[in-house]
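Below you'll find a set of structures to go through.
Okay, so chain A shows up in both of these, paired with chain B first and chain C after.
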Partner chain A sequence: MSAAIRRMKDLPSTHLLGAGTSMCAGCGALLALHEIYDLLGVRSVFVNAASCMTLLAAYPFTPFRGSWLYTSMASAPAGAQGVRDALDILLEQGRIAPEEDLTAVALTGDGAATGIGLSATSGAIDRGLDFIYLCYDNEGYGNTGQQSSAATPYGAHTATSIGAHGHCGTKKDLFAVWIAHRPAYAATVIGADPLDLAKKIEQARALQGPRLIHALAPCPPGWDFDPAIGVEIGRLAVKTGVWPLKQYLDGKVTHTHVPHPRLPVEEYLKLQGRFRHLFEPVRDAATLGRIQSDVDAYWAQVAA
Partner chain B sequence: MYRIRLHGRGGQGIKTGGRILGSAFFGAGFDAQDAPVYGAERRGAPMFATVRASRAPIRERGLMARPDLVVLADETLLQVPAANVLFGVGAATVLLIHGTGEAADWRVRLGFDGKVVVLPVTAGTAERAGSGIAGARCAGAAARLVGGIAREQLGAALTEELGPLGPAVLASNLEQALAAFDAVAPHAGVVRESAPASARDFAAPDWIDLPLDPARIAAPDIHAAATSVEARTGLWRTLRPEIDYAHCNRCTWVCSTLCPDSAIRVRPDRSPEIDLQHCKGCMICVSVCPPHAIHSIPERVAQEREPAGAAP
Partner chain C sequence: MRRLLTGNAAAAWGARLARADYVPAFPITPQTEIIELLAQWFGAGEMRGRLVMLESEHSMVTAAAAAAATGVRVFTATSSQGLLYAMEMLYTVTGWRVPFVLVNVSRGLASPITLESDHNDVLAARDSGFLQMHCATCQEIVDSVLLAYRLAEEPAVRLPAIVNLDGFHLSFTREPVELPPAEAAAEFLPPFEARGIGFRASRPSSQAVAVLGGSPYSYFRYETHLAAQHALEVYDGVAAEFAQRFGRRHDAVECYRSDDAEIVFFMIGAFATKAMDAVDRLRDAGVRAGLVRPRLLRPYPVAALRRALAGRRAVAVIDQNLSVGKGGVLHGELASALYGQAEAPLLASYVGGLGGRDIAPEEFFQIARELGEAIAARQAPPPRLLYTAGELRQMRNLQAIAAAERSVPGVAA
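== the complex of A and B ==
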């Protein structure tokens, strides 16, 4: 285990995840994953549900230094259960030493986490499975061309929401779904804030049981922005209050960053092509107003 | 039947260009079939799409072994072996290059026997922000090269395919596609249809027979760490980051941590070093460097400055 991370300078400067993956240039999910992998380390087994990240390891190439295996979209938590059970049996029979134990990590996109795989996830938390669930959330089915998912935010244009006002549903609150199960830990993170992310990974590592790491993953092709500004978009998601950085521990939710002053959501939305229809050819004040008031209502409830 | 293959990089609008061309053919009374080739298509990575059009029903499917027209949206792909741009071309194939230079020079450089037509890139499409319009330009030029598609039919196909993206996107694509249609007028109808393939002509490929190994040998397991470094994703790059070491603060973590691809390492003297074999050119490092010590230059310019054979 590395020494406690308190400042930027404590972050690792050598990186464990190999280069050469087939993720898009500027991928916000790969950004979060490489930061997380530096901290979780090679003593891990990634159980990857079908998603963009499935293409991380395409035979004979893998960026991982430890184990990785692939499951169907709905069954990453079941795969993690199998891995955990197998390790427990090996430990119990003395076939591996305690220091050879591995951490089971389910790695999925938001489509699996908030929709297709939610039932398997709920069951795994119910059983108290000792695993980390890492969801990278690019707010749509990115690997197949950004169709809307249960995590797509209100008003966003996707391949399946092309109406004048964009997606008419609201983003499912995965963090709330998780903490309703009373897991060991749950946290939201973003690659654009590596220090906050690192502290939460350290916290998660120190615990046992079901642990959620939910990373917002700005997606250049899916959200339609120049990959160079991916980190800026991530920072704006936090500064505008659209993406609250928080954690659940010992039954309590704590916000690790409260944006103050909180910027208008438009600062975040206007950089992304998926929200362009809200600004041109005419300004869609009603939709913009609702997005802002939803964020305002969230933070009002936090302050209360 | 016309067999057309469009090559480009993810993000250049090649899938859409194929759809526009297919719809234009259909509007002109052809049976048409268009499809992007499914794979790990990623922004900047090589990808291609195919279009078939015929006055008779099309029964051919799948990849295209003998194209009549190959459209290349990005000339830098010619040096990427995995892109396989010239697969199956012959003396009867027309090659449309959306790029720079003279057709005669390209024929010599590529050792290409067929006809080459160059559609010059415009200033806007050479920039990354405008690169998505390359697909529409290529579709416009291809429609003129095959002949049999009227200007209005091309416009109607663009309206059908791009209308849902809003008037501004449609207008800019229409302007570029029609300009490309006009630009290649001297070569109108230069592409010739080739005969439909018959099952009788099928030649079995040179299969390599593999013995049936036990699962522990034959299963696609990877037993080494971080083998992905063997994939040279640096070839995706159209922009290159360059570090100005005189201005670098040696802050040791910003660019290196925020590079999604683990392609910036920190040397023992705390200065960062960019791994050009793997950097995909996202330019996040350029935008996050606190003292602005990293700047971006077009990959083509960077390669021209290097001695021959030094390309990553």
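== the complex of A and C ==
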């Protein structure tokens, strides 16, 4: 991309990721990936951790026109490290032409990003690895049927948190974990806001070093909603303030969208089966109240 | 150039003479000296490329294979718990079909946690798809690293290789080592030809993708197995070329005074040199003893082992490992290679040398006596776990101290 992206009209009209993958209908992760891949382009190698998207490239098919390397659940950043280091060595020694270079992109779900792969991620950031880390966050171990992960939000039902009040932990703040490492860049995005997403990908592309793109990925089977309303759910995640759109650049966090007026979280929660137990058979005012107050506290701190 | 080198330094020299481009590293005793030496050489510009510290062996092996898949020559090293921490990736990356060399400095596995050597670590990687070479001397280490690259990089093989050396006994022992001159090493091992391996903008590729179903899975697994088996034939040619260039033979199976032997010790690694000494002393005493030592454990040199052992009367397999609930791993492997063979020897199993425990000359002599009795009785003896009465007395003392410590007045039980 040469020209800066300011309006929807500026988004690429050529779509690079092939169709006909085995992702679920309405997959919010695939929506974000489509938008991101159009911008990152085919001069990339996606280094994948075990997750839903591992099944994108299933022999002999792949939707990627660029390159792909599957690693393991825990070590995609280390795979990106090996690819990047090898390309650097080949470039330094003149063994490949500069135009053969590729962008290394780690592609993982939230389970790898916040749990089993966190050590490898932290190590890669420590080493200043020049890579983009793309986490699509469906807030649970989606590929195995939505068990709770460290990214599961408070109160949500998952296959392993089925009590009256849902998941008792709180969502790990991956963005905060990243910026504690002082990376080159970190941003939250969502497929339902393609313009905001595109601006952040363009920003990330202009930088070098460790860069996080953390995409909330509404998941029809995991969150239990009709695939037709996936984009609506994504928009509500932003409008209710549940999913703040922000970026970290030059040591500062800025919010790229401040919802105003901010809708009540219930507007977002009530459309998803994973929160249905908070509304019926009886209203769980305490849990709903805590979810709302957590969001309120977040935005109060932003305003301060 | 002849120098006194530790086994670790010999391993590092192997990587240097191989002109490894990339070394992902993580420290662990007794391997650490290898990566420290390499870091010095990269730092001083004596090696080109880079050494990168990873945050775990799991990541280290991932980075090693990913770099190899991008088309550079890669070296890495670990030990023991580190090898096991990386185990998921050992199995994973062999399916990527990219060559690189990993030196494992053998050390016993927890529990109990220990630092000294045995072979349970490297044998846990036995079925991973890594080729395996086992060294008995420091000279063999530097030579084996070069041989391992030649073997791993052969286009019809394209598998990673482990070169194994015993912690402490080799890693920290200085021996005179003849270092191949750099030019001669470069002639034997030319620059890495990626031959289509690598991610390039002009040549996008998908590696290590998922398969759906058992049929494609089986195909790729069989293909890897056949490539590893093919490596046997390749190895013979590479070892012959090495012998011609450098005057040192490193056959897949080393036979010491075993041609006319009645009884044979069967071992891998540094302790095999103890067995050689025992063979000499037994020969002096009129016992026709010999040693057979597979250097190559994967691929398993079945035909060479059958040839080496046909007509011998009895073989003692001395395993420095323990498959808990089964026994010595090498014993089971050799039994399967010899089963049903005409003139197959009686096979006895001894487990010893765990966690750095010595195997004393007297134990070799005792084993030789038991093999003689087995020949007379035409029956293999039951498996034995080597442990002396003296060791047991010492152990009882330790246990008594432990019990006394537990019952110190005023300390809760």
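The criterion applied here is as follows: the second predicted complex is superposed on the first by the 302 of 304 C-alpha atoms of A that agree within 3 Å, B and C clash if a C-alpha of one lies under 4 Å from a C-alpha of the other, contacts with A are read in each partner's own complex, and residues count from 1 in each chain.
Assume a residue touches a chain if its C-beta (ideal position, glycine included) is under 8 Å from a C-beta of that chain, and two chains touch if they have at least 3 such contacts.
The shown structure was predicted, so the numbers you read here are calculated from the model rather than taken from an experiment.
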{"item": "When chain B and chain C are modelled together on chain A, clash or fit", "value": "fit"}
{"item": "First (chain B), second (chain C), both or neither touched by A:Arg127", "value": "second"}
{"item": "Touched partner set for A:Gln81, first chain B, second chain C, both or neither", "value": "second"}
{"item": "Partner chain(s) touched by A:Ser72 [first = chain B, second = chain C, both, neither]", "value": "second"}
{"item": "Partner chain(s) touched by A:Trp299 [first = chain B, second = chain C, both, neither]", "value": "neither"}
{"item": "Partner chain(s) touched by A:Ala58 [first = chain B, second = chain C, both, neither]", "value": "both"}
{"item": "Partner chain(s) touched by A:Arg276 [first = chain B, second = chain C, both, neither]", "value": "first"}
{"item": "Touched partner set for A:Pro220, first chain B, second chain C, both or neither", "value": "first"}
{"item": "Touching partner for A:Gln93 - first (chain B), second (chain C), both, neither", "value": "second"}
{"item": "Minimum distance between Cα atoms of chain B and chain C in the superposition (Å)", "value": "5"}
{"item": "On chain A, the residue positions that both chain B and chain C contact, one per complex", "value": "42, 55, 57-59, 62, 64-66"}
{"item": "In the complex, chain A residues that touch chain B", "value": "8-9, 11-28, 30-31, 34-35, 42, 55-66, 162, 191-192, 194, 220-221, 226-232, 276-277, 280-281"}
{"item": "Chain A-touching residues of chain B, taken from the complex the two chains share", "value": "10-11, 40, 42-45, 128-129, 164, 166-168, 220, 222, 225-233, 236-237, 251-254, 256-263, 265-266, 275, 277-278, 280-284, 286-288, 296"}
{"item": "Chain A partner contacts - residues on chain C that touch it in the complex", "value": "21-22, 24, 48-50, 52-56, 58-60, 62-72, 88-89, 92, 198-202, 204-212, 216"}
{"item": "Chain C partner contacts - residues on chain A that touch it in the complex", "value": "42-43, 45, 47, 54-55, 57-59, 62, 64-72, 74-75, 77-83, 85-90, 93, 96, 99-102, 119-120, 122-123, 126-127"}
